[in-house]
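Each of the two complexes below includes chain A, the first together with chain B, the second together with chain C.
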Partner chain A sequence: MAVSEPLVLGIESTCDETGVALVRGRELLADVTASSMDEHARFGGIVPEVASRAHLEALRPTITAALDAAGVTLADVDAVAVASGPGLVGSLTVGTAGAKALALGLGVPLYGVNHVIGHAAVDELVHGPFPERFLALVVSGGHSSLLLVNDVATDVVELGQTLDDAAGEAFDKVGRLLGLPYPGGPHVDRLARQGDPAAIAFPRGLSKGRELARHPYDFSFSGLKTAVARYLEGRADAGEEYSPADVAASFSEAVADVLVTKTLRACAEHDVRTLVIGGGFSANSRLRELAAERCAAAGVEVRIPPIRYCTDNGAMIAALGSALVRAGVAPSPLDLAVDSSMALSLVSVPA
Partner chain B sequence: MSDVILALDTSSGTRTALVRDGRVLATRTQLDARAHAEHATPLVAEVLTEAGIAVGDLTGIVVGTGPAPFTGLRVGLATAQLLALAVDLPVWGVPSLDAWAAGAFAADPGLEEVLVATDARRREVYEARYVRDPGAPGGLRRVGDFAVHRPDPVAGPVPAVGTGTTLYPEAYPVVVAAVDLDPGRLADIGLARARAGEPVPLTPLYLRRPDVHGVPGGREPLAPTTPTPAAEER
Partner chain C sequence: MVTDVVRLHLADAEATAALGAALARVLRAGDLVILTGDLGAGKTTLTQGLGRALGVRGQVASPTFVIAREHAPLADGPGLVHVDAYRLGGLTELDALDLDSSLAESVTVVEWGAGLTETLAEDRLDVVIDRARGDAVDEGRQVSVRGIGARWDGVDLAAALQA
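Showing the complex of A and B:
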């Protein structure tokens, strides 16, 4: 019998989900998530202290549940990976402190890994080994980043990211403008499907002239959100009716158009034939449609993991930890610090 | 079989001790008030190494449950719980203020009552009152509840200990000298209570509700914090 690959336990606690997963090689054995999202809904946004408290309560039971689901014990674990950034400091601190103790107690290496790169790494568990190089578009309520991945464990280049709101954040804000419940993303998406995407010409941020030249792969969604607010105010001031579905559809079109246009531009410039889309916002139906359509036309393969691996989860962290172990990268030191604004070129905290 | 207890407290700095049968084998303190998550596990590793004890030789873990600033407090609890999970050990929670009180009673054998006041930031202190009680596991008993409030100028003649006494000397005129939070005492109290079958909950003593200010779009404020009974007495 062949020697089996190392078993990696991954811990995710960067925002409001406590996720724990077990990955052996590229095989996902178990993935368990506890969320405090319901506790935040009544505040209309994530309350960091509420999230941190929930992480501490959920951490140990989530680990136990993941081990049970995988049919393994802690004694079988060969390495521990934890998202040590970027994210909310209080949330990161709970998972990272716990992961260190686990690594010390088990006598196994610890990897402090980058949450955003994890959103790309998880796709290996679903669609198999990555090609030699690929582009990763990571879009969520907290991130909108374009990464050139030469090797997911050792060589990631940040091409661009949002200069203000993340894509998902802009959706939540527009959801609020339209009077939809929090989080607004899925509601705006649903409403958009009934509207006309060409009804209103909303602006595409950083997409023309000097701004495009200066920020070829960066995004900006706050101007778009303001344009939606102005449009709604304008209709209200004029006492005119408007179609919320058309607003949602035209807004969604603007976001998806910018994301896909800039991503394909980067694919062309860097001669990359594979695109991985990750993060919770990759559930957005217009983004999926537009990416599939335009990438097919451009000859770029699109890989999008199922939605349960796109929202924050332990599998993405275990998957990246497993890639690091496989690549022979040195583990992180036990005194590693959490890094709320961890650079996107940093795959793991170096020894 | 001897008891080999690891104690960890992150209520004020990061402090850890390794205690075998009531004797402190090694101890570490890092007073950095912010970077608990960096220090906790490395300090635990250091005391184990210094004492020549393998993590598998431990028989129990005691952790301070505060009250204390939230982020640091959670580092101790997460560290202790997952170390206990990794090595399959019991883990017992002891309020950090109990260890301050135990230190005061040990420093002054004539002392019968002590007020513990520690820094709660925002110009407030965490407070609790204790009496010496040789019949109680750990040798002390808390009187009333934990409280968080402005340092009270009429705290009175009860001798006080804790970081609050140095920050607000005008509020605490009588101070028990030369007492520091000793994680070794935390180990003793935790073990004594666990043996006596007394509760040793791991519930963090936050005392304050989460602050919802600054949440983007946050609209619905929380109800005002209910004053604790101890605060109402004042």
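Showing the complex of A and C:
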């Protein structure tokens, strides 16, 4: 480790996790996360106002814990990075206000960075420097985006995203249809492993004819979700037995198939040999399997960070901040505004 | 204080979005729309058409994960508050969302909200979307729309929506 490399403190507060991490170069020194998930449990999901208040309470203790874990003090910090979008306005505001105060008080540069691109950037801490260009598939409860990354600090092109439900959200809804507890994603995944993925031919959204031509890299999981609902209603109305494991497996197959097929088509079209998969939904076992299998066949290297770096965390923001510092990108202004629907082509808020 | 029910048949998703756009022409700041229908009925599709016609910022997508999404207006006119009440169990939980703060300046669309949100406003537009169940081949949707409260007195919904 070169001691001369700048120490970057990253703050993540776009949703319900308060994350703070310290990164020097590509080395992660500390990564601490506080989650308000328990406080949301009675709603069966995130409640924006509850999340903002929880961030407010968690931010300072989380910063202190991260500094202690890294064995550094605030005086050692050379730059502050914060996820200033996309996300929930109240949550973003708490983290961004905290980051501004730190940057101003310490007299160091501030970087307002893109949360979704952070999900890709974090992989550099795990698997080393990125190749010249790669594709990033970011999939979670709130996002399903396909990005062409020419340079993670300066040049990211959004190829596509979901037009309705995110992949993780579709899993939660199908979990509910199958009577599984919230959040449904991990439960559906577990059930799917015992079922036959070819048992039911569920539709692949935006994958044929005119729709595919119009939306080559966009996703749609709403029609799939409806097809599952109608399949279950059909069995109930007919008084027929069905296999919940087969439903889960066939549904999982449809989601993974569309994600991997569209991603590999983009790899071929843009002549890209590396794929980074990030976001909480990258924990899905069928997605991992299918991506590994088909990417190997296509000669594309797949990089997926360990799951603790796929869910929301401070390391992803510090990693992206560090990449920005390394690339010599100008810092963001101290009066930068949070952006709940930040464009995915915007890596950081410009000076 | 309740208008006649306007009944419509929507052939496909485009027709659902077009009904959203037609609704946008009669809605104004402070209005509440309660959108009821099974999973997959087309509630988000209708709201996407409404958002496009209102001219609001950001992509209108499913609000389930975040419960409520706020879309600011791109020009003059109301913004859009898009709420998914699917995961809420009752009125006290709805209060925790602090929805009242933005109701006056926006059109508020509550998905799956029947029986939960009526106390937010005495005036509201009820939109119910039915899709075929189970193995039936019909891909169309049956929709009924009615206005409730003084806001909708004398408003010719049938003319506005069937044009």
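In this text, the second predicted complex is superposed on the first by the 348 of 351 C-alpha atoms of A that agree within 3 Å, B and C clash if a C-alpha of one lies under 4 Å from a C-alpha of the other, contacts with A are read in each partner's own complex, and residues count from 1 in each chain.
As a convention for this text, a contact is a pair of C-beta atoms (placed from the backbone, for glycine too) under 8 Å apart; a residue touches a chain by one contact, two chains touch by 3 or more.
All figures in this text were calculated on a predicted structure; none of them were measured in a lab.
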Practice task
Classify the contacts of A:Arg286 with the two partner chains as first (chain B alone), second (chain C alone), both, or neither.
Solution key: neither
Practice task
Examine A:Leu74 and indicate which partner it touches, taking first as chain B and second as chain C; both and neither are also allowed.
Solution key: first
Exercise for the section: Answer with first, second, both or neither: which of chain B and chain C does A:His119 touch in the superposed model? Expected result: neither
Exercise for the section: For A:Val338, decide between first (touching chain B), second (touching chain C), both and neither. Expected result: first
Handout entry: Which of chain B and chain C A:Val89 touches, first, second, both or neither
Key = both
Practice task
Identify the partner contact of A:Lys262: answer first if only chain B is touched, second if only chain C is, both if each is, neither if none is.
Solution key: neither
Practice task
Could you tell me if A:Arg230 is touching chain B, chain C, both of them or neither one (first, second, both, neither)?
Solution key: second
Exercise for the section: Please work out whether A:Arg60 is in contact with chain B alone, chain C alone, both, or neither, and reply first, second, both or neither. Expected result: first
Practice task
May I ask you to decide whether A:Glu49 touches chain B, chain C, both, or neither, giving the answer as first, second, both or neither?
Solution key: both
Problem - chain A residues contacted in one complex by chain B, in the other by chain C - result: 42-47, 49-50, 89, 172-173, 182
Problem - Residue numbers on chain A that touch chain C, as the complex places them - result: 42-50, 88-89, 141-142, 161-166, 168-169, 172-173, 177, 182, 222-223, 225-227, 229-231, 233-238, 340-341
Handout entry: Touch list for chain B against partner chain A, complex
Key = 35-42, 44-45, 55, 70-71, 74-75, 77-87, 204, 206, 210-212, 215-220
Handout entry: Residue ranges of chain A in contact with chain B within the complex
Key = 42-47, 49-50, 52-53, 55-56, 59-60, 63-64, 74, 89-90, 93-107, 172-173, 176, 182, 334-338
Practice task
Using the touch rule from the top, collect the residues of chain C that touch chain A in their complex.
Solution key: 38-40, 44-45, 57-59, 61-62, 64-68, 70, 87-88, 93, 96-98, 131-135
